[in-house]
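Below: one structure, written as structure tokens.
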Amino acid sequence: MTWKEKVHEVIYEADTKAGKAFDVALLIIILISLVLVILDSVDYISAEYHSLFLVFEWIITIFFTVEYILRVISIKKPKKYIFSFYGIVDFLSTIPLYISLIFASSGALLSLRALRLLRVFRVLKLVRFTGAGSRVSVALKKSLPKIFIFLYSVIIVSFIAGTIMYLVEGPEHGFTSIPRGIYWTIVTLTTVGFGDIHPVTPLGQFIATIIMLLGYGVIAVPTGIVTAEMTKENITRNTQVCYNCGEKEHSDKAEFCHNCGYNLNKPKNKEESKTVENED
Amino acid sequence: MTWKEKVHEVIYEADTKAGKAFDVALLIIILISLVLVILDSVDYISAEYHSLFLVFEWIITIFFTVEYILRVISIKKPKKYIFSFYGIVDFLSTIPLYISLIFASSGALLSLRALRLLRVFRVLKLVRFTGAGSRVSVALKKSLPKIFIFLYSVIIVSFIAGTIMYLVEGPEHGFTSIPRGIYWTIVTLTTVGFGDIHPVTPLGQFIATIIMLLGYGVIAVPTGIVTAEMTKENITRNTQVCYNCGEKEHSDKAEFCHNCGYNLNKPKNKEESKTVENED
Amino acid sequence: MTWKEKVHEVIYEADTKAGKAFDVALLIIILISLVLVILDSVDYISAEYHSLFLVFEWIITIFFTVEYILRVISIKKPKKYIFSFYGIVDFLSTIPLYISLIFASSGALLSLRALRLLRVFRVLKLVRFTGAGSRVSVALKKSLPKIFIFLYSVIIVSFIAGTIMYLVEGPEHGFTSIPRGIYWTIVTLTTVGFGDIHPVTPLGQFIATIIMLLGYGVIAVPTGIVTAEMTKENITRNTQVCYNCGEKEHSDKAEFCHNCGYNLNKPKNKEESKTVENED
Amino acid sequence: MTWKEKVHEVIYEADTKAGKAFDVALLIIILISLVLVILDSVDYISAEYHSLFLVFEWIITIFFTVEYILRVISIKKPKKYIFSFYGIVDFLSTIPLYISLIFASSGALLSLRALRLLRVFRVLKLVRFTGAGSRVSVALKKSLPKIFIFLYSVIIVSFIAGTIMYLVEGPEHGFTSIPRGIYWTIVTLTTVGFGDIHPVTPLGQFIATIIMLLGYGVIAVPTGIVTAEMTKENITRNTQVCYNCGEKEHSDKAEFCHNCGYNLNKPKNKEESKTVENED
């Protein structure tokens, strides 16, 4: 086992003791980094501790730099990692401070602020610690096409409703343009309801009432889609088919067919299959 | 193949290369048209580019005019198209600019603004590009009668609650009339909660609390209706069609048609069809 | 057939032509009455048309008086009607104007306003026209005990959260007492969010964030309860059991068993039942 | 039966007449206590009746003290009770007034207010009266891991969206720091929408629109999870217990145990149990 393989084991796998320790350390550093970014954005905290934060930030950046380099070196196909989701997240988590050095000299303060905030995307590094492929995300993925058709209808409705509200209420009540009308319609349809813009005229309030009732009935749709998909997941989760009678819908823990009592784990031998033939 | 047939193929069908190109062109022009309507409603953009927008608008209007005429000419039953949903949408998408010419001369400025905004209904032209008859809309259609009964109860509740709030809070806290009380109740029941009107007295806040908890329990109902309908869709998705009577909605495990009793696995031959007659 | 029986037929039944005409007339008068109550509450409309409204109101009141008397006279057990839900609604819909005559002389203006508004409860008369016992209400009724347990937990949570917010934010940020804190918590948990009171301190906003995420997860519960109940309704809706094989889960329109093809409407005769015995 | 056993019966059990009477008395005293805490927090009520409230509070405190001592004395394993959920709630419900005596002398007014409010946790004593182990809480518990993954994703999204909004809108429109941006994002994602902070710039409103539509689709997820779990509860409610292996969760149509293959309709006799051994 070369040192590269050893590094690979520590960084990429969580089976060994060293691998687990590395994961825990990484997790803690990511969380500290996030807390730093967030605290640094609060004026009165930043004013007092900014230089302290900068020191910590440099330590974290160097850690991430070393981690990134080791990840690239220790893997067999570096290109595949570099252009993968995690590769890009790792890269973007590392560079902000370096680039800020360059920009600082050129005095572009605003983009500097943006750059420093880029570090918040380090939160995506946390995704690595989640069990991927959970059933929730499977059901969500299956619902996506239906949810897109649904969002498409919502957008069409909000275009029309936003225009009508712009016409009825007009700029004097906050509906200064169609985009604002559309913004208001979506705020209302999604039942968020900030109240920064709201209808004032009786006619506008009447139309708003109809939009809200529509939204009320319509909020059921994405819920219905995801729920139906999840219920289906539950029902069709067990894919075992009985070798004897062909019954399909066994419950999760089924060992024997609930229809004929045949052992589900035992493949049928050819003699038997001739006598009890599944017709479909 | 006459030129009418060729035009029909290009406009109405998407199978040929020309048909697909026409669809893409139409899609792009609709989207440009929508962007124009929306940008034109933003004051500071309109002030600068209004004349440019008008030129584009005329080009689009002429395109839609030609498209409408060709659609009417190339179809066998023009009347059916003209009075269909798409026919009306296509007509309304074309005329605003023409009418605005007439109205402009008579100086009716307000109605002119309304007319120009009519163009936003062109968004409905996009519906043509959606796969119709999706399962979502089927489930929605089936849920409609139940959702109407539900909305009917919501309206009855909001009439009573709106009147009580008008009585309890009174005009000095924004509840200036029963319609406003009803408006507030629906804003609250649907969990939108703009906050433009809100209870101030302790009694009013107590009643509001009850209305909100009611709304909280009640928002479950449309969701429940649609979800139950969609889950049913999933369950009865069995695509077997009876060879004898054509019945489609068999349950998953069906071996025989539940409508006429015909064996679903057996393709129909002509002799049998005489003996097993569909009774319904 | 006495005149009482004739009146009974017209008022209580909707089978005959006269009965249907009566129902339609009643429906229209209720709706007109509601519109009058609502318009009368709008100041600038009331100022102009109040006397006109009063004339209409007297006509409607006399109609309802006659209707109420006829209902009492024509029924066999008047007491049962008088103390039934509809009897009380009918009575309360009739008296406001009569009582307002008495009170007007004693000058109790405020209670007069309340009394006149009582007429809005006529909206409940509309319930008569809804098909009672719809499946939605069945599912709702079955969900009620579970929803009560749920609301009970919500109230316990909102007591504690309301007190904490009162402590953290204090009267200077609008949380002037525990009841207001509870009111705010319910406004937030139900995702209504008026914004009339909202946390200002960082700690208060942090607690609010947790309450909101809690509410977000928790809003799923009543929906889940009602949906599960409705899905169950759907599944167990068809109670037909096949006389031949005992299969239970037939779809709605099933005429024949989908398992064995037996006619579901044909009771099994005893000879057959001996040969093909249902084992359960 | 010693007096300790008698006390145990009255306090811990609800079977006897005395036990039921004790439960009712306890329930009423808890509710009175809660009303006192809440009314005492309302300034103008507290100003007038504070001394009266204090007398009542002392009576309730003494009652709870006696109850707590009796509970500790009459149970066999006092330690187990003292450190149980109910033991801690009972203790915390009793002490506030005693501690306030000590603190009052030292003049720590603010912590005194906090202490007095601790009494609101007496609401948790009500949990004792709820039927534990309801199916709702079972379904909720099963959904918890999935809901945590979901909340985890919501938090990741709100970190990123909050930072973007902080960058786009900036301190001049209320987004004074990243924590406030995150607070705003969660207020929006959960569809609460207070409106205390809201986007003002067109770009901010556009991003807000996307966040809202995201929240709209995403609110479906916890609902879907809980509903799917509850529907599953309904489906697997089949109460047949296998005579052979004791397995409980059979599907509706199960004829044979899916765990051991034993015929569910056949009661077990001892000879057979030797031949059909549970393999798992």
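Letters A, B, C and D mark the chains as written, and numbering starts fresh at 1 in each.
Please note the rule applied: a contact is a pair of C-beta atoms (placed from the backbone, for glycine too) under 8 Å apart; a residue touches a chain by one contact, two chains touch by 3 or more.
If you want to know which protein each chain is, UniProt gives these names: A, B, C, D = Ion transporter.
Note that the coordinates shown come from a computational prediction; the quantities given were computed from them, not determined experimentally.
Q: Counting only C-alpha atoms to place each centre, which chain is farthest from chain C (Ion transporter)?
A: Chain A.
Q: When chain A (Ion transporter) touches chain B (Ion transporter), do the two copies use mostly the same residue numbers, with over half shared, or different ones?
A: Different-residue interface.
Q: If you line up contacts by residue number, which pair in A-B, A-C or B-D shares over half of them with C-D? Let me know.
A: From the options A-B, A-C or B-D, the copy of C-D is A-B.
Q: State, to the nearest whole Å, the distance from the C-alpha centre of chain A (Ion transporter) to the C-alpha centre of chain C (Ion transporter).
A: Taking the mean C-alpha position of each chain, the two centres sit 40 Å apart.
Q: Starting from the mean Cα coordinates of chain A (Ion transporter) and chain D (Ion transporter), work out the distance between those two points in Å.
A: Those two chain centres are 28 Å apart.
Q: Spell out, as numbers or ranges, the residues of chain C (Ion transporter) touching 2 or more other chains.
A: Touching at least two other chains: 150, 179, 182, 191-195, 219, 223-225, 227, 231, 249.
Q: Hey, which residues of chain C (Ion transporter) end up touching chain B (Ion transporter) in the complex?
A: For chain C (Ion transporter) paired with chain B (Ion transporter), touching residues are 34, 37-38, 41-43, 113-114, 117, 120-121, 123-124, 126-127, 130-131, 134-136, 139-140, 143, 147, 150-151, 154, 179-180, 182-183, 186-187, 189-196, 219, 222-227, 229-231, 233-235, 249-251, 253-263.
Q: State the interface residues of chain C (Ion transporter) toward chain A (Ion transporter) in the complex, per the touch definition above.
A: Going through chain C (Ion transporter), the ones touching chain A (Ion transporter) are 191-195, 223, 227, 231.
Q: Which residues of chain B (Ion transporter) touch chain C (Ion transporter) in their complex?
A: 146, 149-150, 152, 156, 159-160, 163, 166-167, 171, 176-179, 182, 188, 191-195, 198, 202, 205-206, 208-209, 212-213, 215-217, 219-221, 223-225, 227-228, 231-232, 235-236, 247, 249-251, 253-263, 279-280
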